[in-house]
Amino acid sequence: MAEAFLVAQDLHKSFNDNKAVNGVSFTIDKGEIFGLLGPNGAGKTTTIRILSTVLQPDRGDVTIGGYSVRDNADAVRRRIGVCPQELALYVDLSALDNLVFFGRMAGLSGKEARAQAMANLELMGLTERAKGKVDKFSGGMKRRINLAIALMGHPELLFLDEPTVGIDPQSRNNIYETIEGLRDGGMTILYTTHYMEEANRLCNRVAIMDGGKIIAMDTPYALKSQIGSPEQVTLEDVFLRLTGRSLRD
Amino acid sequence: MMKNLRHVWFIALKDLKLFVTDRMALFFFVIFPFIFVIMFNFILSGVGGEDSRLELHLVTREAAGSLSHQIIEAMETKDDSQLRPGEPKMVWDKDYDKARQAVEDKSLGGFLAFPADFTQGVLMGYGAKLEVVTNPDATNVRAALNGLAQAIASRISAQHVATTATNWLLVEQGLSTFGQVPDMGQGIAAGGESLIAFKTEKVGEVEAENPSNYVIPGYLVMFVFFASALSAEAIVRERQNHTLERLLASSVRREAILGGIFAGTAAKGLIQILIFWAVGILAFHIELGLSPGAVILLSILMVIMSSAFAIMLATLAKTQRSAGSIAVLTSLLLAPLGGCWWPLFIMPRWMQFIAKITPHGWAVNGFNKLMLFGADFSAAVPEMLALLGFAVVFAAIAVWRFRTSAAQ
Amino acid sequence: MIRPILVALLEVRTYLQDKGDLGFSLLLPIVIFALMYGAFGGQSQFHGTAHVVDEDQGAPYSALLLERLGELENLDVELLSLPEADSQLERSDLLMVLYIPNGFSDKLASGEQAQLVFKQRGNGGQEGQIVASLIRGVVEEISQELQVQSQVKNALAGRGISQDHIQITVQKFLDQERQYPIVGVREETVGTSPDLVSQFLPGIVTMFVLFAITLSSRALVEERKKGTLERLLTTRLSVGQLFVGKFLANVCRGFVQTFILLTLAYMVFRLFTPLSFVEALLIALIFSAAGSTLGLIIASVARTEDQAVWTSVTFTMVMVMLGGTFFSISEGSALYIASKASINTYANAAFKTIIAQGGSLADVGLELGVMAGVIVVGLVLSRLIFRVMPGGK
């Protein structure tokens, strides 16, 4: 049995009267890609921000690699990499400068940061654009840089918050292959997306959130089996069955 | 601790790198202030070098032979070459109406007039009033004429007292006053040597003040603050595009982020003051006074205060646009209030008081003390402490309000 | 033509709803005007400093002199040591110092003539000469008081009246004389005061209108970068119409701003007749249009928001200073020639003619013509370089 790398227990978080996360518990095993799905406003991004130590939970705790986010946030941060939904880049700097800067922030020496930056750029197929200003990149290239930054510092756990929004199939495919390669290399990944086929392809298990709670959690195959033949039913069907068809904020 | 300092250093370095990529903004950052310095040097050149001899005009409305005629005759300058340095030239204008018209036309600043009943009023004891007639612009002439009027009045008063006291004492003792009481008119007209004489020693000529000595500090204060305040917009932009949040999710502490942003902003300010002083000394020949160290320290404190203000503004402003607007607004308000656009010491007292609620006012005052009025280091310590105080307050608010996510 | 007007109206509505923008464009000029009026308005009084070296320290007559100098409202007294004073005179930090020598009081007490020394550079500068004049007045007063004592004593010598009694009586009359002097001084001011409202008001109004218009270039750059300008083109709005809309928007903003400021000026200072108010508004409209073209040029040239802000502030401050807002520029100087390049020069001159001199539009034909020329040239130039998309058309 694989060891649990991330353990989230009874997480609660409110903003004024809005309960964004309402008793979320789950574990992620080492080397697993865990999908976190849910409609807009379900609490996915808030959950990720708690797990990545940006927000403190009102109640509950998370341990990552044995370290608590409440008591040992610094040790947690050394083990994680975050690729946020928004493009968190310095668009006026070059791709290389962006990676080196965040590498230095992650504790790498100048030489290490540069070496890793070049390696990550090669992984993303952007070696030739290393010195180019990010401002001039296409949307797909910016997403790949966004991911490359998250890999600086050799994290053990990667948070990918909708990493393929608004990019072409080629860039998306490149990102899928990169993620699969990382998983094969032993990295643990928490993946959120609105694209069900992505979750179906990449994730070992998925959790579906709605209204701040996890309403279903299992392998994609098992979830599909709950409502019909897994060969005919899609994960999207499962999602819509569980969360409903009404529009969300 | 070392790790935090490294993070501070890298964040500051990153900010400086971002700053130099925008060549046009960098150009204005450097060149803009000097456009003003050059303009104001033009406008203000020659100011402060005025040393022309005061000319005071005297007029009487009495007939010839009166007391006022005798006084003016005694005072009138008959030979300019006999005047000592600083001694005013006394001019006797014979026509009251022409003199008054000249004042109205502003070809003459003002004059001192003896009224038609002056002699009678003085000798009969019911008094008289000297008239100081000036136009509204003639502040200096008005003060000088008032001084002259007081001198004349006090001489007459003395004679009046002498006469009255002598008379009173004789009457009190039951003695005859005939031939005993000094003639007041004679006493006034005779004048006589004063018990206190003046000697004038000239140690050199008046040199025109270099206007750069007060223009450059004023604009340094304004533009260091302005540039720092505008940095607030860049800081808000980092918050809104989530790069700050990203830093937090790595192992960078909040304090290191704040310190790094502050250090980056301060570094830009230090570069700015270096350019200001270098160009000021080499191109504009400014003098840093008795204590150049104090001038430099004051400049550094100004940079620290401005950077703290920028961080505070970034934590208070919700959007980039509001950060930019508030930055421009506060800069344009505090600069004139604080005496950056015109010397504080020519302003009314109440305005000099209001300047003290601005950090600009303290900074400019410190620079003026050191560079214009020959003060030493210790004289500028209150100003340094005031700037430090402002910096501490701004920094405290910034630390309290600092947030890295727009949603938090 | 409807669409550009709609674009313009949206901007004006946004402006009127934006508290920050309103504060900047309305409140700040009022505050700055009030500051300048307070600083330079009213009849200013001379205030100087007498720098004194007292080597007769603690002695009665030097103390009396310092006390009497301190009583003067328009004079501060600063005591310096001898080395301090000498070095400051040497460096020209001071132009005039009064030295009270050692033994000053002793000499006066014994009835001898005493001496005070003015050490100075040249004539002592303007302030120094006036301070010297005030010092002489006070010294004369003290000298006369001493002389009166001896004068009365001499007059009554041998009359059997005690010296002490004479001294006390004379002092009593001196005190009375100080309270009710036989010769007083009356001040009269003739001639007109400079009309500071008319002098400063046009400059401050044009300064903030130009600031507001040029700073709005920042918003245009932001819109271009975000893509909202481009989005407008996906409606039936053409680039030309969009350009006209943005131009009209700035003109309307500037005009509304000036209208509010001039209306406030009318209510507070009663500066206008109804006709001159309308004429002033027309000048405001033309000035706003000229400023608007310049704002569009800045928005087209600037690639980032920072560049737009720096360019706007630089440009506006230079125009304002050359336009004589804070200092009048003497004719014939190099700055006077440079001031002809500032639209503020023409706008301020036109406003002053209408407001302060009671002129009409016919008297400001040159100024209006120049501003109209700026509008035409500015519109052509800004239209040529106006871009909707970054790096694009």
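In this document, chain identifiers A, B and C correspond to the written order of the chains, with residue numbering beginning at 1 in each.
What we mean here is this: a contact is a pair of C-beta atoms (placed from the backbone, for glycine too) under 8 Å apart; a residue touches a chain by one contact, two chains touch by 3 or more.
Since the structure is predicted, the reported quantities are computational estimates derived from the model, not experimental observations.
Student: Graph of touching chains, which shape: line, ring, star, complete, other?
Tutor: Here the contact pattern is a line, an open path with two ends.
Student: Where the centre means the average of the CA atoms, what chain is farthest from chain B?
Tutor: If we average the C-alpha coordinates per chain, A ends up farthest from chain B.
Student: For chain A and chain C, let me know how many angstrom lie between their CA-based centres, rounded off.
Tutor: Chain A and chain C have C-alpha centres separated by 60 Å.
Student: Could you grab the centroid distance between chain B and chain C? Build each centroid from C-alpha atoms only and quote it in angstrom.
Tutor: So the centroids are 12 Å from each other.
Student: Chain B: which residues touch two or more other chains?
Tutor: 22
Student: Which positions of chain A touch chain B when the two form their complex?
Tutor: Touching chain B: residues 15, 49, 52-55, 74, 77-78, 80, 82, 84, 86-90, 92-93, 97, 101-102, 104-107, 133, 149, 153 of chain A.
Student: Which bits of chain B are touching chain A when the two form their complex?
Tutor: Touch residues, chain B against chain A: 3, 6-7, 10-11, 14, 17-18, 21-22, 241-243, 245-252, 404-405, 407-408.
Student: Which chain B residues qualify as touching chain C in the complex?
Tutor: Per the stated touch rule, the residues are 22, 24-25, 28-29, 32, 35-36, 39, 42-43, 50-54, 85-86, 88, 100, 103-106, 121-122, 125, 127-137, 139-140, 142-144, 146-162, 164-166, 168-170, 173, 175, 180-182, 187, 192-207, 226, 230, 233-234, 320-322, 324-326, 328-329, 332-333, 336-337, 341-342, 347-351, 372-374.
Student: Along chain C, where are the residues that touch chain B in the complex?
Tutor: Against chain B, chain C makes touches at 20-21, 23-24, 28, 31-32, 35-36, 38-39, 43-48, 74, 87-96, 108, 113-130, 132-134, 136-148, 151-152, 155-156, 159-161, 165-166, 169-170, 173-174, 177-178, 181-194, 211, 215, 218-219, 222, 302-307, 309-311, 313-314, 317-318, 321-322, 326-327, 329, 333-335.
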